[in-house]
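The first chain written gets the first letter, and so on, giving A, B, C, D and E; residue counts start at 1 in each chain.
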Amino acid sequence: MTESDILVEVRDLKVHFPIRRGVIFDRTVGHVKAVDGVDLRIVRGRTYGLVGESGCGKSTLGRALLQLIPPTDGEVRFDGVELTTLPAGRLRAMRRRMQMIFQDPMSSLDPRQNVESILTEGLHAHGIGGSRDERRKIIGETLDAVGLPQWALSRYPHEFSGGQRQRIGIARALVLGPELIVADEPVSALDVSIQAQVVNLLDELQDNLGLTYLVIAHDLAVVRHISDTVGVMYLGALVEEAPSDRLYTEPLHPYTRALMSAVPVPDPDVEDRRERILLSGDLPSPANPPSGCRFHTRCPWAQPTRCADERPVLRDIGGSRVACHFAEGIASGELRPHKTSGQVVRPEGEGDDPGVVSAPSEPGSFV
Amino acid sequence: GCAESDRDDEGSSGNKKDTLVFGVAGDPKVLDPSFASDGESLRVARQVFETLVRPEEGGTKVSPGLAESWTPDAAGTTWTFKLRSGVKFHDGTDFNAEAVCVNFNRWYNAKGLMQSPDVTAYWQDVMGGFAANEDDTLPPSLFKSCTAKDETTVDLAFTRVSSKIPAALMLPSFSMHSPKALEQYDASNVAGSADDIKYPAYATGHPTGTGPFKFKAWDIANKTLTLERNEDYAGEKAKLKTLIFQTISDENARKQALRSGGIQGYDLVGPADVEPLKSEGFNVLTRPAFNILYLAINQKGNPKLADLKVRQAIAHAINRQALVDSKLPPGAQVAVNFFPETVEGWNGDVTKYDYNVEKAKSLLAEAGASNLTLKFHYPTEVTRPYMPNPKDLFELVSADLQAAGIKVEPIPLKWSPDYLNATTSGSDHDLHFLGWTGDYGDGYNFIGTFFDRQKDEWGFNNPALFEKFKKADTTADQAARVALYKELNADIMNFLPGVPISHSPPAIVFGKDVTGVKASPLTDERFATAEFKS
Amino acid sequence: MFRFIVRRLLQLIPTLFGLSILLFIWLRRLPGGPETAILGERGTPEMRAAIRRNLGLDEPILIQYGRFVRRLIRLDLGTSISTKREVTTEFLQRFPGTVELTVMAMVIAIGIGIPLGYLAARRRGRFLDHASVGGSLIGICIPVFFLAYVLKAIFSENLNWFPASGRQDPTIEATRITNFFVLDGLLTREWDAAADAIWHLVLPGIALASIPLAIIVRMTRASVLEVLNEDFVRTAEAKGLTESVVRRRHVLRNAMLPVATSVGLLTGGLLSGAVLTETVFAFSGIGAFLADSISQRDYPVLMGFIMIIAVVYVMVNLIVDLSYSLIDPRVRVR
Amino acid sequence: MTITGAKKKEKIDRLAEVTARDERGVSLWQEAFRRLRRNPAAIVGAAILTVFVLVALVGPFLVPYGPTDTMGIREGVIKPGVIPGPSGDHWFGYDHQGRDVFSRMIVGARQTLLVGVVATLIGLAVGALIGGVAGAAAGLGGRWGRMVDTVLMRFIDMLLALPSLLLAVSIAALLGASLTTVMIAVGMVSVPVFARLLRGSMISQAGSDYVLASTSLGVKKSKIALTHVLPNSLAPVIVQATLTLATAIIEAAALSFLGLGNPDSAVPEWGVMLADAQPYLGVRPALAIYPAVGIIITALGFTLLGEAMREALDPKLRK
Amino acid sequence: MALLDVDDLSVTFGRRGQRAVHAVDGVCFSVDAGEVVGLVGESGCGKSVTSLAIMGLLPKQPGLRIGGKAVFDGTDLLQLDDRARRDVRGRDVAMIFQDPLSSLNPVIPIGIQVTEVLTRHRGMKGDAATKEAADLLDRVGIPDPRRRLKEYPHQLSGGMRQRALIAMAVACRPRLLIADEPTTALDVTIQAQILELLKDLVHSSGTALVMITHDLGVVAGMCDTINVLYGGRVVETARRRPLFREPRHPYTVGLLSSVPRLDAGRGERLNPIPGSVRDLLPWPEGCAFAPRCSRREDACVGEPPELVLTHEGRSYRCVNPAPVGPPSAAARQAGAATGAVPAPREEEKP
């Protein structure tokens, strides 16, 4: 694997959302550490899968990678170009090479735009396709590629089924001929049968066009199915990164193990045989993450030493990268899990909107 | 059960008999009439205070008030007043010559903010300035001194002869106050700064006069002012025990209040309501018309208007009779002079301008003004005694003018202050309505006010006319003065600075069972004589 | 919570400051001035000039504004040009009337609007629904002053049930403490005075309530319909709760959230003076007085009243926000 | 029920391509319009307004008498306290100036419509401009954007804190009473409503995924604001505009009541007619009732249509 | 006699001017005491409507028609009047919903929401009710229940909210619990907790559970009998193992082969069902699944296929069912061969 094979390199990426409050002027009183020091590399033409619980920072990472959210700290290199310091104009030009697919196919399509204008918008922005015919041709090819009929062009998003909408979203990303596609939960809003269609489509496109994917999902099975490398995130940081098959056969991090054991498999035999590692409690608040190993509050293998005060770094263990002080011990069965009593956390972000109320929609009156 | 109707049912036979609630259009501004210029303050003052001379009941002639008689000296500058004896102020102080001088000296010696024109408007209007004018623009005072010769004889000396004396002394602003109360409530201490004037306690809550009613309470929050009978009144005591003025600014609201029994009378009755109210059995009193509505023509506005022919054309174009018949209350008259017939000096033998469209057209053609467009100002949101519904009048006059080929650009403005401001200053106005209700029965109060000098309202300069006015004003002999007024009226109607339109008798209405009030052309209705008939 | 209040009050300062500058310039740009209004048709140019000079209106506007601000800092709003009473006094005399009227109108609007809106939602598509929605539409479409005349013609002139104007029968000798007539009547135990004051509030209250009532009916209806479709109502039903518990505890309480907001804002709006209603009913409140003050060009009153109204408006909004956080625990104010 | 094999196949094929008709797509606006057409309230509202607009357009050419013809005065039938009622020649009778009320009502429809529409347009234009700029700035603009937004919104707050009548009256004082003044005054009163509505709507739209999607395509922010955020935020504004048409007509009447209405009697407006009738309520209440009923019915038409549009455009009901 | 017998249940939403929607169309299934029955199917197949119809919770809108029977313990729930139904709901039959946040009243503390069931059906009041509520919360695994009672839904995490909902549902020890996608909104780790909790509750109290889900994995681990729904009808019913081992209906086969599996390798293509759920053939005109079916025959169209009953209570509604034999045996074998059920087995016993 030479340097040129690496399309994306992320180093120590941090995205902290300030929590502002104050009497007159807002002061920053803390940060939601949505992404807190992530290193990863995505190999050209391969798929990197990212899993983790809701709120662990997957989407934020994906968006920060595309510079849709300005990162607080760290580097993002795309094909050798440092994106974080790129001026706005050049960044916009760069966007042609990296695209995004969204989770909710409805809300990510402008309901008042027909498919044609959804697809041409990007072309216009980058000046691709001089004439209308040329653009039509590009769009037509893209529609074919995602398996949508030509008559779709004049139609509006709400006239399509969920699967078709997601195809439109994919087509929108594809028309620009990108090299990297960040897919944020591309299938989680879809029905099982449709989900498979879209997964296959992504696979096919990669084969045909040599795309590089960063696929974000919370469904481990999906991620494992389409990824070459899988990264497991917990509370803003990677806890484990391994080739897809290896992650399944030899999960090293306790969190990965728990995750694996929790995914239901549509096979009664497997289901009956397996033992679940039940984690107690929920994800702690990213505004106030636990000290040391972020997972130690819920970890069945947490040890009295190190775990609570020393933050483990990702380290190589036989082809995987794991952020656990005791990964070897756990793998060999030396250490045994114990029942944890997790603290219960309040969900952050709920009920945070200050009491802003809107005016009634009646104009003033000279009563 | 409801409180209101309960009281109505039983109250009509009991205590309500001697309590009259009278609806007025605005809040009084101040209780000391020395500082008042608004009609509502003066209406209150007329019940609480008395003046040396007063208008005859139901008329405008100067008749005895606190003074039984008055005589000028030979030069006509010093007037001797013989006072009534045995009169007491509400606080028990005696009324005498000394008290008269205290009052006049208080006004004359006004200092500081009391010299502000919005504080002592009527004094300045009548007397000009003060003992020591603090503002250079103030004219010298007409009043010179007051001498108490004995208990009941007082001499008022003036610096020159004036048409205003003694008629102007009927104005409520020259009411007699109790010297003790003036002292006690710091009546002359108009405090604060020029842009932040504060009235003294006397003016806001302790008016003390000799009138048939005593001040009782002023409830700003309820917009009511309550007077009660002065049991020690020197003359015939008031029949009502309590008199309440309640402010109801909306005309319809006043009518509805009267009909529902909430009030037992109100002023400023719409002309359209006179007949209906009468037929419902209410006592509608019509005041003798003591006013004038005119159409002013500003000669500085449109150069064509400086041409007499054009002005004559305008006068001929307007069907004043139709206007009076259809829009003004019964008893209204078309005006021939700029002052009502009841004022001495009225002249029936002046140039008259009958309604004649053809003549108007030909006059315009002669003047080369066939294609005239005139800015016509009229006020909105106001009813004046001489002008009950300006918009309606405007529409009719404007239609008449158009019929004669004069185009009209309507400019409606809010009466206060936009309209007054626009029509009485500057020159950007061609035609407008305005009028006047007389303060007292002297002709100068009408035509003198309008034409005795160059004014922005009219935009003409006629030195001969102005000279004649000066002469009239300073003529001490009543008969000679009246003769001059007659001449002036004829001159004015020849010169035709504007078109006198009408004199309309304002109406005042009382409940079906209220009697005893006589309508006054000067709105000097005396509630002391009002009573409920049983 | 405390911080939130302080913050909102501090935010008020720049708003008020901006408002005062805006107003000051705006008002002085209006043609005509208080002198014309004071003197009426009797004023001579000299008298007018003298008044302008006395009032300092001939000075540069910045100096005038500076004087205003200096006074304001001492919490002195000056005196009215036309009545020569202190602006604060005027306000204290007239605002209570507006408040009473507003309260009456809102009591009527809420008392009828919420039950009616609720019933309309429950009987969606049936007669009551159509009737109340239709009625509320008409309520919005009737010019208030016309409604006021009609009400008075029927209920005062013909039936003589209610007084036609004023805040209290002037023949009643009532003691004034706060100028809230109803409250004063209760405080001084002058029951008939209090009753009479309430009686005087009925017709203007109804006239003024017509628009808020219509808005509340429709909002309640829409809100209840929305809540009826919420999952938690289904949960409550699934628990087998009785209809009345479901209705009170689950439906109405949640449906009231948006209604409460608009009630607050409507109240805030009414508090700035119901000019037409006050005029037509000869009701002493700030609305009609403000309108008068415009035609009098009574600058101190205008400036003072509007600044106070702005503060009141912001306070009402603040209270709405705070109460919102009380009924809805999800909203945290800070 | 048996179907032959070929037919069956055809049927299934058709189903496989259920939506494959060679038709243009139906945009959300068209969808909303379809829903609107099915709503009886909308139909009633539209019917009222159609009649109203027709009368406004052609009525003035058909009226029996001129609206300013004071024939009653000429004929001498108008006296203080006497205004003749309906007759064969004058269906609605004379007014206080001896004019034909029926003709004035018809001609007045046009003015009333004009006042409502122009006032609303003024409010909409100014409000939408302020709200649009603030919304775009707040939603997409970063720190500077927030500042712009704050300034604009403070300004709107100030407008809101001003009693609306004072605003209108002072505008009238500044400009003098005229038709334009009424339009501007009534329009200005609705500015804060439009501004806040559009701003709120734009801010919420600016946070949606499709904006992010366009950003990731490399589209400029200004273009996103204009082509995505704005069109998607318009629905509530359009609904509000329809409802404001109703209130504008009523408020114009209120202004007339205060003597600030259009002074030109050649172009009667219902609000002015209603206000002018006040002194004659005691003589002939019908003079007030005709224009009042006209105003109520027209306002009702706009309100019905507006409410129906609110339902039709409601994203929650979109299916 | 089963605890609940749903017989020919059909629900139609009629709308003015539009074609009626047959959301549920002759659904039959039964539930025995202590049994876990699954209803599986994709979005819009009528799972929720079925459960709501049984509970009598469908919104009362004009044009709604409910047919068939739902006999619970001898009484037809569909025939009960409102009063009687309210008595049954929450006491004998309880239900939990998909979205735990929106299913809880946001402005009322959890405690009140739990105790109101106790008050309604068990007549408990005051301290007794509070205590019982705290016990309930404790039972569903909410730590520090006393304090939680005073908190509002938004102060709890998603898992805790769902536990609270479950606590309310089981407050009266219902004999039948219907869970409509109880874990769809939750993360896998939390889902595992909740499923475990439900299993425990069913086992310990003998409550029958109707488990509604679209996740085949969930039913695989929980249910005794599984009904697969498509287009408002049950297309296949089977006990758990037979269903997964030998799915007969092409739809079931398609579903199983569409699901990416944790134990399948990278790069294996999935076998999706073509088309989308919207491409329905109305049942009266044939098999609704026909337009998407790979085993379609001419016989599939024209008349709706009958439910075919085979041994062990199995049935399917297909004229050309898949042959007996697992759909992707290779994949599963691969998974089984690696033995990769990653959890260490002996150590943990909750």
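Throughout what follows, contacts are C-beta pairs under 8 Å (C-beta built on N, C-alpha and C of every residue); 3 or more make two chains touch, one makes a residue touch a chain.
Protein identities per chain, from UniProt: A, E = Peptide/nickel transport system ATP-binding protein; C, D = Peptide/nickel transport system permease protein.
Small disclaimer: the values here were computed from a predicted structure and weren't measured.
Chemist: Applying the touch definition from the top, give me the chains sitting in contact with each of chain B and chain D.
Modeler: Looking at chain D and chain B together, the chains touching each of them are C.
Chemist: Could you tell me which chains are in contact with chain A and with chain C alike?
Modeler: Both chain A and chain C are touched by D, E, going by the contact rule given at the top.
Chemist: Of the chain pairs C-D and A-D, which one is connected by the greater count of C-beta contacts?
Modeler: Between A-D and C-D, contacts are more numerous in A-D.
Chemist: Indicate the whole-number Å distance between the mean C-alpha point of chain B and the mean C-alpha point of chain C.
Modeler: Once rounded, the distance between the two centres reads 37 Å.
Chemist: Approximately how many whole Å separate the CA-defined centres of chain A and chain E?
Modeler: 29
Chemist: So what's the Cα centroid distance for chain B and chain E, whole Å?
Modeler: Going by mean C-alpha positions, chain B sits 90 Å from chain E.
Chemist: From the C-alpha centre of chain C to that of chain E, how far is it in Å?
Modeler: That gives a centre separation of 54 Å.
Chemist: Could you check chain B for residues that touch two or more other chains and list them?
Modeler: 252, 381, 414, 418
Chemist: On chain E, where are the residues touching two or more other chains?
Modeler: 154, 278
Chemist: I need the residues of chain A touching at least two other chains; which ones are they?
Modeler: In chain A, 350-351, 358-359, 362, 364-366 touch at least two other chains.
Chemist: Applying the document's contact rule, which stretches of chain D touch chain A when the two form their complex?
Modeler: 17, 19-22, 24-29, 31, 123, 160, 164-165, 168, 189-190, 192-193, 196-197, 200, 208-210, 212-220, 223, 227-228, 231-232, 236, 239-240, 243-244, 247, 250-251, 254-255, 258, 318
Chemist: Over in the complex, which chain C residues touch chain E? Could you list them?
Modeler: 125, 228-232, 234-243, 245, 249-250, 253-254, 257, 327-330
Chemist: If we count contacts the way the header does, which residues on chain B are in touch with chain D in the complex?
Modeler: Its residues touching chain D are 251-252, 255, 270-277, 322-323, 325-330, 378, 380-382, 389, 391-392, 395-396, 398-399, 410-414, 418.
Chemist: Would you mind writing out the residues of chain C in touch with chain B in their complex?
Modeler: It comes out as residues 31-43, 45-51, 53-56, 67, 71, 78-79, 81-86, 90, 93-94, 96-97, 149, 152-153, 156-157, 160-171, 176, 179, 181, 192, 195-196, 199-200, 279-282, 284, 288, 292, 295-297, 300.
Chemist: Can you list the chain E residues touching chain C in their complex?
Modeler: 52, 55, 57, 59, 62, 82, 85-91, 94-95, 97, 99, 102-108, 112, 116-117, 120-121, 152, 154, 165, 168-169
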